[in-house]
Amino acid sequence: MTPAELRERVEAFLAEHPPATTDRREFLHARYAAGLAWVHFPEGHGGLGLSRGLHPLVESLFTTAGAPDNNSRTNGIGLGMVAPTILTYGSEEQRERFLEPLWCGEEIWCQLFSEPGAGSDLAGLATRAVPDGEEWVVNGQKVWTSGAHNADFAILVARTDPDVPKHRGITYFLADMHDPGVDVRPLRQITGEAEFNEVFLTDVRIPDPMRVGAVGDGWRVANGTLNNERVAIGGSALPREGGMLGTVARSWREHHDQHTPELHDRLMRLYVEGEVARHTGQRLRQQLASGQPGPAGATMKLTFARLNQQLSGLDLEIRGAEGLRYESEPGWTMRRPDEVDFTGRDAVYRYLRAKGNSIEGGTSEILRNIVAERVLGLPAEPRVDKDVPWNEVPR
Amino acid sequence: MTAPTTGPNPDPSPDELVLLDTDDDRDLRATVAGYLAARCPSTAVAAVYDGDRSVVAPLWRGLATELGLAGLLVPESYAGAGATPRDAAVVLEELGRSVAPVPFLTSSVIAATTLAHASTDAGRSLLADLAEGGRTVALVVPLTTAFDADVPVVQGHGQVHVRSVAGALDADTLLVPVAAGDGIELHAVPAGDARIEPVVSLDMSRELADVTVDPTAGTVAVEGDAAAGVRAGLLAGTTLLASEQVGIAQWCLQATVGHLQERRQFGRVVGGFQALKHRLADLYTAVEGASATARFAAAALAADPHGEEARIAAHTAAAWCSDVAVLAAEEAVQLHGGIGMTWEHPAHLYLKRAKADQLALGLPGHHRARLGELVGLTV
Amino acid sequence: MTAPTTGPNPDPSPDELVLLDTDDDRDLRATVAGYLAARCPSTAVAAVYDGDRSVVAPLWRGLATELGLAGLLVPESYAGAGATPRDAAVVLEELGRSVAPVPFLTSSVIAATTLAHASTDAGRSLLADLAEGGRTVALVVPLTTAFDADVPVVQGHGQVHVRSVAGALDADTLLVPVAAGDGIELHAVPAGDARIEPVVSLDMSRELADVTVDPTAGTVAVEGDAAAGVRAGLLAGTTLLASEQVGIAQWCLQATVGHLQERRQFGRVVGGFQALKHRLADLYTAVEGASATARFAAAALAADPHGEEARIAAHTAAAWCSDVAVLAAEEAVQLHGGIGMTWEHPAHLYLKRAKADQLALGLPGHHRARLGELVGLTV
Amino acid sequence: MTPAELRERVEAFLAEHPPATTDRREFLHARYAAGLAWVHFPEGHGGLGLSRGLHPLVESLFTTAGAPDNNSRTNGIGLGMVAPTILTYGSEEQRERFLEPLWCGEEIWCQLFSEPGAGSDLAGLATRAVPDGEEWVVNGQKVWTSGAHNADFAILVARTDPDVPKHRGITYFLADMHDPGVDVRPLRQITGEAEFNEVFLTDVRIPDPMRVGAVGDGWRVANGTLNNERVAIGGSALPREGGMLGTVARSWREHHDQHTPELHDRLMRLYVEGEVARHTGQRLRQQLASGQPGPAGATMKLTFARLNQQLSGLDLEIRGAEGLRYESEPGWTMRRPDEVDFTGRDAVYRYLRAKGNSIEGGTSEILRNIVAERVLGLPAEPRVDKDVPWNEVPR
């Protein structure tokens, strides 16, 4: 289907379901049924089996038409990571059960992957899942779980066989966050608030049909999920002066008293890098659209994190004495925000929060390894734990 | 391939400034460090961010009077210790190392050095009170004021507003620069006679306040042209802030190395991964440079507080140490992984202090530009 | 810890500029690359540094006429290929990749684009001759002239001296900007009528010359205000120099990765050491950015040579690609170890071209400052 | 002995041997005999057994008095590396034979360490030394040998036992560069000239008494030599605007037309770093003088290399079009210079030559490993070749 044809199809749908007058829930389910939810998904599952590159076009047409939102902000993990994983690795039963309510924003998802002892080395995870009849019994601790306190379901990786090397003893599950054994506790971060959670799992029971992929094959499935995450990051087009760059450019234009040639050149260096990132992202999307596989996500995320951090740090210098004040509500007071808010809060928040950008979703160190090994073909790190049973590796 | 070796020493300067700790320095450091270890846990500093300032007053009283640090830089003739900026540098390295929420820099360095220019009995007795720890004083200028900029004076009638003042919350006496004819005089104003509103600050361990004061209030502490005194105070503050930044940077480097020696991933000690080793080696080099440079600046100020060498050294130390402390704190947060992003881990206290210090008393770029003027390199 | 995912696409621009090679691009690239592989070995380029320029003339004749690149950007109405800057970008990536010592940039890009403003028969026929490869032309300005600076005109009487001109040694015709009233006109002067002295240059693969010429000599190619033409020529040169820099950077990255995949020390492949892996990952990211940005600039120039977008993109590409090419060449020398410091290894040819290109047509800092003015960010 | 006493001692010597009227050779041997050659050496070997920190004082007193030079420029390796090695690890016979002519500049030394296949991994060297009666027969190739074409003797490391792990099979020798088996060929570098050499060794015969340290103990001795090298680098005091910084500061003051705020701030950043390096060096010398061991050399050399490279690169930008010209004699013409000339030649030469500063005498990569491991106590790289016989390691 050509972009033009697709555009017609969307316009036809909008004519039939005027956003202004159509009930939100009805609109969303109709859009799903029409295959216009995510056009790169197969027919019958909210898509039309088109190329991924066409999705942004559809998205923007609906946005422009004022179509109702499907909780894309609070359900980012569900839409960005869970859905493609269930589509690719899940059972037909799981697709039927989960994809539509997920896309419609009726069921919110979170991700139970990282652990205190398994961050970059996710495959070293220690949460155990033991079979018990038709169910699995899960015990362990997860951390850095965003949205766990709002989530209905979670994607979960647990160790089902400690006696084999770490990558081979992991299994991937869909867990019910309303299970009594799930204890969600806020994890306060340096901004003062708690975006994330620690999740303690005590005898959580998961029916075997909620397993994704084969027993012991969870590492492969988890990598599928994480690749989607990296594609999602920095994967969408920004206008010039979009994102953090626009914010800092505005504060430059507002804080004339602080202008010095030195701050100006640093701003322009970052402006140039922002433009470079924009053009790089555009080319990566064109490669994706034309079916050329690109290293995509990894380099974009590296750049996104560095730019956010350098820009938000420079912003404080540009603001001078005002940069020393943290006056946007609620200041340091502990709270549970629904999302990262790089626009609504002040420069101090942005500076501190941006520090997480090079850690969350794969540290910049791990991403550089990925680029060096998978893109440049340089040798992997010497792996001392690769062929050793998980329970014999020192930790 | 062999490196060019160096020729004979062109500048042995046998009487060069000493940049090592003396035995006295080591004793002073041990005393201050021990006191802080016992009375200033990082949990107490973090509590300040949640509005619990209970650690502040007793800690400062103890440092000021028990250890007698309040008057460290005050001449003995004013009941001070008559010590030099070299000694204050040692103290500030330790205060930075534990991000101590005390007004030593604002009262015992900036205000005390300014008051050394006191020209009235009121001013002189205030300095003596400060030296004994009886009074804590804050100079009422924005924290971002550079020592070589025009002194921001309070002028006009009635209540005048000064934003983002450091040390005012802890002070019982404010030192207010007031326009007097074509000069500046300093008024000593009881804190109770001014409005001092706390500001939610990036660095709550040096919490700012907005001060509203009547320029005609208080007694005159320095008459005529007090600008020289204010500049001397801010020069001392700039020079010694660099030592605080050294303490911050050293803590961050040490904590990060310690964490990476313990933390295991992929069955290996994380500190053994070469990319991290190289970053830490570069950071170590930068921090070593910062500590030598801050000490040089303090020694140069001690040797001749009015000399050009002291100003050159202050600009150099401010430009370098400000950025190194921020780099060290940012690397600490990053290399601790997720744990460095949590409230529970103290790294954030150092990040916030380091970033606030970078903006304090003139930006690094400002100091580089001024240094250029002093050494004859201009645009 | 999960990264914030991105919201719906705010700017899909379905008709955005294409930054990928088309099939035609791939054919053109293969043709040029194959020709250079056969006729421009790095040993021949190194020989130029020792005064043996025997590779230059036949190589340029072949590229200009056999491959028909001389008139690539010249409209078909002037016997040119009527191609766009996007095509020239592909050619310059390949010329950069083999540091080819040919005047394509100076004659076929800068001079040709300038002459497209020809307003006399002499000028038009010169453009046609250039397009057929019959003539090679050089604009007589210092190589460091920026497209948005005042056009440096030759004025005064008798013999006037212009230093550091690129392409003059290879040219049979010089294009001389001469002050005419309050405007500028361009004189076409036979090389034989001027003194052209070779300069021992940092980059001998684009050897400079000092030109001495009589402003009254030659025939007028562009009358009245030729400044627009010169600026257009230098804008095209700046835009496409970025693609040359991309070719340089890509060669350096590829050669370094290749070397480190082979070289063994400590019983390990050197490319497996993490510190080098991370540096190369960062370099790769920078080079990928350079290639997307240079291509965007060429596409923007093709889309609207007079538009602000083209100037914004040119400044951006010049600022980024200049520094990335130098970084890539410096990393190549460093990461090849000692061998990269030897005359035998071609790395030095790329280092010299990259550094010279960084100084050509405006420094990166100049382009950043001008970009600021265009996007409304000024000091 | 106090600095004051030492100063007296030197002044007495100068009174007795007026530099103006004393024969150069006579003066140097007298200074050696008086123990004022290198005062930290033991008495009888040109020293007085004083602390190393006092040497600069003596050096400067003699320089100021216009005392004759001992070829310190052309014999840098001899003075900086060979002498301390012979003193610490050599036999009394070797000290007697070599130290005095070395210090007096009558015998020039070079260093036969690096090989094409053994650069950073010096211990992987392949040059073989085979015993033959009272002699050793040496075959192999060395590279990056500065001054080999002027040298009378060389310090040489060669493999005497290929069947043990690399560090244990190396022996250290003093070799006669006039041996017929020594073939010295110039190695041209990117400046166009050939400062260094390749040295081909064919059946070179070395008497066993010219061995330094025990057979198989050469690695330990070589490390002693290299540590001296690193101490030597950046080990002497510079005035403000000394070295490359001064050169670039001068070109800033001369090239007014090229001034921009951006170039100025980059210059001032490097100026600050230069001052920081100067203060750091001063403190390191004070630590040395007060007997406190410091990590010394490594960090100074890292800084020295980076500053030289960044300054010389900036210099070309400051010079604009003039920075594109390489007009100092002899341009690109091949020649054999006697020394690195950062002052006599032009900015292009400095830019290119400075590239070697982060490779020669230990690459910056290796130095960072040293700082990380020896100073910060971080783990060493996984060593796959540590316990493997040298001849079984792939190369």
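Per-chain numbering from 1; labels A, B, C and D assigned in written order.
The rule we apply is simple: a contact is a pair of C-beta atoms (placed from the backbone, for glycine too) under 8 Å apart; a residue touches a chain by one contact, two chains touch by 3 or more.
Everything numeric in this text was worked out from a predicted model, so none of it was measured.
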Which of these, A-C, C-D or A-B, makes the same contacts as B-D in over half of the contact pairs? A-C
Could you see whether A-C or C-D has the larger number of C-beta contact pairs? A-C
When the C-alpha atoms of chain B and chain C are each averaged to a single point, how far apart are the two points in Å? 50
Round to the nearest whole Å and give the separation of the Cα centres of chain A and chain B. 41
At least two other chains touched by the same residue of chain B: list those residues. 1, 268, 273-278, 338, 341, 365, 368-369, 379
Note the residues in chain A that touch 2 or more other chains, in rising order. 114, 119, 143-144, 260-262, 264-265, 356, 359, 365, 368, 381-382, 384
Chain A residues within the chain B interface of the complex: 114, 118-121, 124, 143-144, 187-190, 192, 260-263, 309, 313, 316-317, 320-327, 331-334, 348, 351-352, 355-356, 358-359, 363-365, 368, 381, 383-385, 388, 393-395
In their complex, what parts of chain D are in touch with chain B? 3, 56-57, 59-60, 62-63, 72-73, 76-77, 79-81, 111, 114, 143-146, 196, 229, 232-242, 249, 252-253, 259-261, 264-265, 267-269, 271-273, 275-277, 279-280, 282-283, 286-287, 290, 292, 299, 301-303, 339-340, 356-357, 359-362, 365, 367-369, 371-373, 375-382
Along chain C, where are the residues that touch chain D in the complex? 49-50, 142-144, 163-164, 199-204, 208, 264-268, 273, 275-276, 326, 330, 333-334, 337-338, 340-344, 347-348, 351-352, 355-356, 358-360, 363, 365-366, 368-369, 379
What part of chain D is in contact with chain A in the complex they form? 261-262, 264-265, 382, 384
Residue set of chain B touching chain C in the complex reads 1, 273-275, 277-278, 338, 341
